[in-house]
Amino acid sequence: MTQHRIAILGASGYTGAELVRLIATHPAMRIVALSADRKAGMTMDQVFPFLRHLDLPPLVKIGEIDFSQVDLCFCALPHATTQQVINALPRDLKIVDLSADFRLRDPAEYQKWYGQPHAAVELQKEAVYGLTEFYRDEIRAARLVAGTGCNAAAGQFALRPLIAAGVIDLDDIAIDLKAGVSGAGRSLKENLLHAELSGGTHAYSAGGKHRHLGEFDQEFSKIAGRPVLVQFTPHLLPMNRGILASVYVKGDPATVHATLAGAYGDEPFVKVLPFGALPSTRDIAGSNFCHLGVIGDRIPGRAMVVSVLDNLTKGSSGQAIQNANLMLGIGETAGLMLAPVFP
Amino acid sequence: MTQHRIAILGASGYTGAELVRLIATHPAMRIVALSADRKAGMTMDQVFPFLRHLDLPPLVKIGEIDFSQVDLCFCALPHATTQQVINALPRDLKIVDLSADFRLRDPAEYQKWYGQPHAAVELQKEAVYGLTEFYRDEIRAARLVAGTGCNAAAGQFALRPLIAAGVIDLDDIAIDLKAGVSGAGRSLKENLLHAELSGGTHAYSAGGKHRHLGEFDQEFSKIAGRPVLVQFTPHLLPMNRGILASVYVKGDPATVHATLAGAYGDEPFVKVLPFGALPSTRDIAGSNFCHLGVIGDRIPGRAMVVSVLDNLTKGSSGQAIQNANLMLGIGETAGLMLAPVFP
Amino acid sequence: MTQHRIAILGASGYTGAELVRLIATHPAMRIVALSADRKAGMTMDQVFPFLRHLDLPPLVKIGEIDFSQVDLCFCALPHATTQQVINALPRDLKIVDLSADFRLRDPAEYQKWYGQPHAAVELQKEAVYGLTEFYRDEIRAARLVAGTGCNAAAGQFALRPLIAAGVIDLDDIAIDLKAGVSGAGRSLKENLLHAELSGGTHAYSAGGKHRHLGEFDQEFSKIAGRPVLVQFTPHLLPMNRGILASVYVKGDPATVHATLAGAYGDEPFVKVLPFGALPSTRDIAGSNFCHLGVIGDRIPGRAMVVSVLDNLTKGSSGQAIQNANLMLGIGETAGLMLAPVFP
Amino acid sequence: MTQHRIAILGASGYTGAELVRLIATHPAMRIVALSADRKAGMTMDQVFPFLRHLDLPPLVKIGEIDFSQVDLCFCALPHATTQQVINALPRDLKIVDLSADFRLRDPAEYQKWYGQPHAAVELQKEAVYGLTEFYRDEIRAARLVAGTGCNAAAGQFALRPLIAAGVIDLDDIAIDLKAGVSGAGRSLKENLLHAELSGGTHAYSAGGKHRHLGEFDQEFSKIAGRPVLVQFTPHLLPMNRGILASVYVKGDPATVHATLAGAYGDEPFVKVLPFGALPSTRDIAGSNFCHLGVIGDRIPGRAMVVSVLDNLTKGSSGQAIQNANLMLGIGETAGLMLAPVFP
């Protein structure tokens, strides 16, 4: 099979490492360049010993990469930095970005959620939103694809078909989300220490302040053709991988289930459980699958949709490869059918 | 200080062991009898080696206990069994029950939630609901107190003052609860194994089926003077102790906060955080404290109350001792001011 | 590629499920039959929802399988049961057994460690010990291969080359082993509950009682040409996958390292770290890799070898597939190059 | 009861917080000053919300404390800093130091293990080594007591009586230790992150490099009257509290057990299990107890002693209070009989 030449910018973070993990057994991708600014000069196995068995290029600075020898570039850098880096890359280079920088279409929304003006508005316009199942055709044709937020992906898999079908009350949607800690990245913060996080839980970015709300607002309003605001409260859990979104909606539970089952019937990665069954994050960890469950409440007209996915895979690096597969004309599922790891 | 003579029935479960742990440093209680039917004949340190340092009576069958030498009996047995056991105890014995058998006032409600008729309806009428902060006077005078469900306690601390004050919409309350695994007891079930639970999360008893809803219905409807039905979905988390209830309400956030702060201002065990701050289960583990936080949403008129407590302590055995303290005329906080254990 | 037809007996346990996980992306194996006696009639995704995305045959009783349509059979049943089952299978069927039943060559040793006489002594003689790296030729030619104990594998990777090379004191070897809980299987035991295991550790089967000692004795004595007895103490850790064996030996540390590096230089799955670097179980979880590290002590002439592998993969099901690959004439690494999952 | 006035320097670390936790229910101590240089001006509940229920003095800089109003000062600062701070404190102030600065008697040994000359050699000479059970009389009379290393405590409880009684081979002692992560303090290091540590284990400071070896050398050699060097390898485990030391010795197992049982028969905090039973860290977490178990190996003349204690309590802050109790003439166990927290 043709081996597409891949560069990964920001390879020293968790999403970078997850890209390497997945590409390691991808039949049609070969890593030719890895960047990590502060760790340039190191080898990948010094930064991530779990990749010791792979023969990988050394970590370099971005400027050292010859992009003419690269077919597609994954960009796993922090937001803000990302716009500047991508702005300086060749304009014909295929790019899948995993940061937040190109998710929002509206520069004003970007500024509102990220606190500063966007420095590459033209690119922002060009970028395609990377929720594969809903933007397949655009992604196939795209040069620059913006990976979604991991929480934003979990919530959208539960809600997009319901909003599109008009089967739920648009003014009363609450997403109570439980997130594993790898979503916070390899950053040195007190609340991410094992001693502080294990054995407990707490909410964070509550009260409508989490930045992934920008994505919910943009996407849900677009689908509905009117403004849709959801409540969204994430909680940090003592687990490394996985997101579970408990989505409270008002609508007929059976209709909600039928709508989701219909929407995802042919999807290779999104599985809808039988009505009344609810999924566990343990059943998708390490994989590109999203499991959805629907249950009705004892109060008529209320339903809960539970959506689970692995934040690093389906919520980030797996999604990125799924998009890259489309952009490179490879089969969409190539390299992504790895089964979840249990127990 | 007078040493009240204490018996614990069902000492081989987690709530029984937690009673022993707390009484070990209680200044006015002395354990004189411990029962555990299937483990009768064993010593407590064989069942719970963490209690090795204590000088405790051996485990016996209930029939072997001389209740004339007992001032107060904690009953930590399974429901259904409990009604029969308590029915056979002396009618003048002070009892704090930790099971579900005497929580519901209405025999029909008991049958609805627990699937069988109540076998001791007279006792059911006599029992006082054991949420100390709201039933102090009744508990002081009671002979039989029914400890609350641990989830039911977490939800009620968040909601009772709000319902009483009429500051939230009674028809739109959702409790999304995250529970540690010790709440399930020392039972051998596949989903409670470390290999199955650690590193993940899932909902359980969803869709309005969890039995603690019976308590919510009874108490909230009584306070409101009209039927109040809440949505309640618990999730199992990979942590041993602690409950975090995210309670979604419609009402003015500042008023919600002020109402809770006002209600609990003098309470020794219930602490309301400053407006906008939210609590963590890690901050109450191993203690009898309940922390409450309130935050407003970006959508006007919506608030979230977060309530955390340790299911084995404030949600069960700590609460039981708090009630026993009142029943025995001891200071309410005696033996219960142990600080949480962190990290 | 030719699809070899695979049966798995005992598919409802963790090693059975791990076989399915690995075969799911194996290029040359196709599962045609799955057995699980007590769960016959169920589908695999009912028993293991994480396998929901796969199209698998239903669980049946062993007697219902037509073995004439099977090229190779993995047997993941409990010991004792296994000998009887395999005794009744066609004598020309290729079998990789994951139980303890065919690991020991000497019937007396089997009886000593497993407490009962062996019921299939002829098969015991026929079986080849399945530590691939050391029995490749025999395994290629074998009909029946006996997978090793997971702890036994971890210890042997550290010690076999050292004993063979005569570079350590044979009378003073201590293996202090730390094991994840999945090694105990999906069994309902109190000490395997999350509430009992998480957040702590303890030794088990200490004092020379663990059954994998039978394998150590057999193999090490065979290599040395004289009896070799090691000390071996496993500890249970709050982790799901992984074994770390700290092996204390007397010998020159640099020689120890050089011996291991030399022995495994060409091995695809066994990686020796630079002298002085020690491995972590996190770096091999979910994979078929074994990482080895060597460090010298401040006391001259003493070294520690640390060996890590995933008990379910390299220690069990991955090893089994590696052996099956050889028996079927497939490339040894086929389907096994999945990168570890981190974080 | 007389309330002794207590100051805690370095209250923003885990051992500082553990001191506050224990003193919160101590009958004869009252906290009058808390220091935390970088967090001066904050309140304790801002740094440690789990202490929210306590009425504590604000965090100040050390210079702001009026030590004439302090009866005893706990010093929980980093080593090196500590010598300078204590050097500047009033010479008649009773001090229990929790750092490493005054553990070693010999300035040369200090320099060897800590990499710099000691800046307060006179104080070093004055200090008494704080392993209470073995230095009671000296501690009672001491002004300055040096708390032991937590690992050093775990190892010494297992070995001191055996060395003193001459029942084991002094030239062949190996301590394989498993340590919870709180021993590393509240420091922001990659390997202490939940995402990196949970679900795995690895050795650290291996090869005779861990600084607590200095204490082992000093104490064991002193007892034996000749140099004694032990092997000591710590491993980091995904648990917050607790140390388990597996100590491999050569000697008669029954004699080893009898020696330990005899040595600790009257100790309130050190419990020796029946011969053949081994302890778990879960059974001492949150408490000041140390449990010891002894088992013989199948190889005659070899035994394993397992020692467990909570690094923050018996290994550090609990020990410190035990010492302070003696120094202040309070009963040794005052405030320290809290039962472990399980599950």
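By written order: A, B, C and D. Residues from 1 in each chain.
Basically, a residue touches a chain if its C-beta (ideal position, glycine included) is under 8 Å from a C-beta of that chain, and two chains touch if they have at least 3 such contacts.
In this text the structure is predicted, and so the values were computed from the model without any measurement.
Chemist: Can you name the chains that touch chain A as well as chain C?
Modeler: B, D
Chemist: Compared with chain D, which chain's mean CA position is the farthest off?
Modeler: The chain lying farthest from chain D is A.
Chemist: Report, in whole Å, the distance between the mean C-alpha point of chain C and the mean C-alpha point of chain D.
Modeler: Chain C and chain D have C-alpha centres separated by 39 Å.
Chemist: With centres defined as the mean C-alpha position, give me the chain A-chain D separation in Å.
Modeler: 45
Chemist: Where the CA atoms of chain B average out and where those of chain D average out, how many Å apart are those spots?
Modeler: 36
Chemist: Where in chain C do residues touch two or more other chains at once?
Modeler: In chain C, residues 14, 182, 195-196, 198-199, 238, 240-241, 279-280, 282, 285, 343 touch at least two other chains, as defined above.
Chemist: Can you list the chain A residues touching chain D in their complex?
Modeler: So the residues of chain A touching chain D come out as 14, 181-182, 184, 186, 188-190, 192-199, 238, 240.
Chemist: Spell out the part of chain A that touches chain B in their complex, as residue ranges.
Modeler: Residues in contact with chain B: 172, 174, 176, 178, 195-196, 198-203, 206-209, 213, 229, 231, 233, 235, 237-242, 244, 246, 248, 276, 278-282, 285, 295-299, 302, 304, 306, 343.
Chemist: Considering the complex alone, what residue numbers of chain C touch chain A?
Modeler: Going through chain C, the ones touching chain A are 14, 17, 20-21, 24-25, 48-54, 182, 198-199, 240-241, 268-269, 271, 273, 279-280, 282-287, 289, 291, 337-343.
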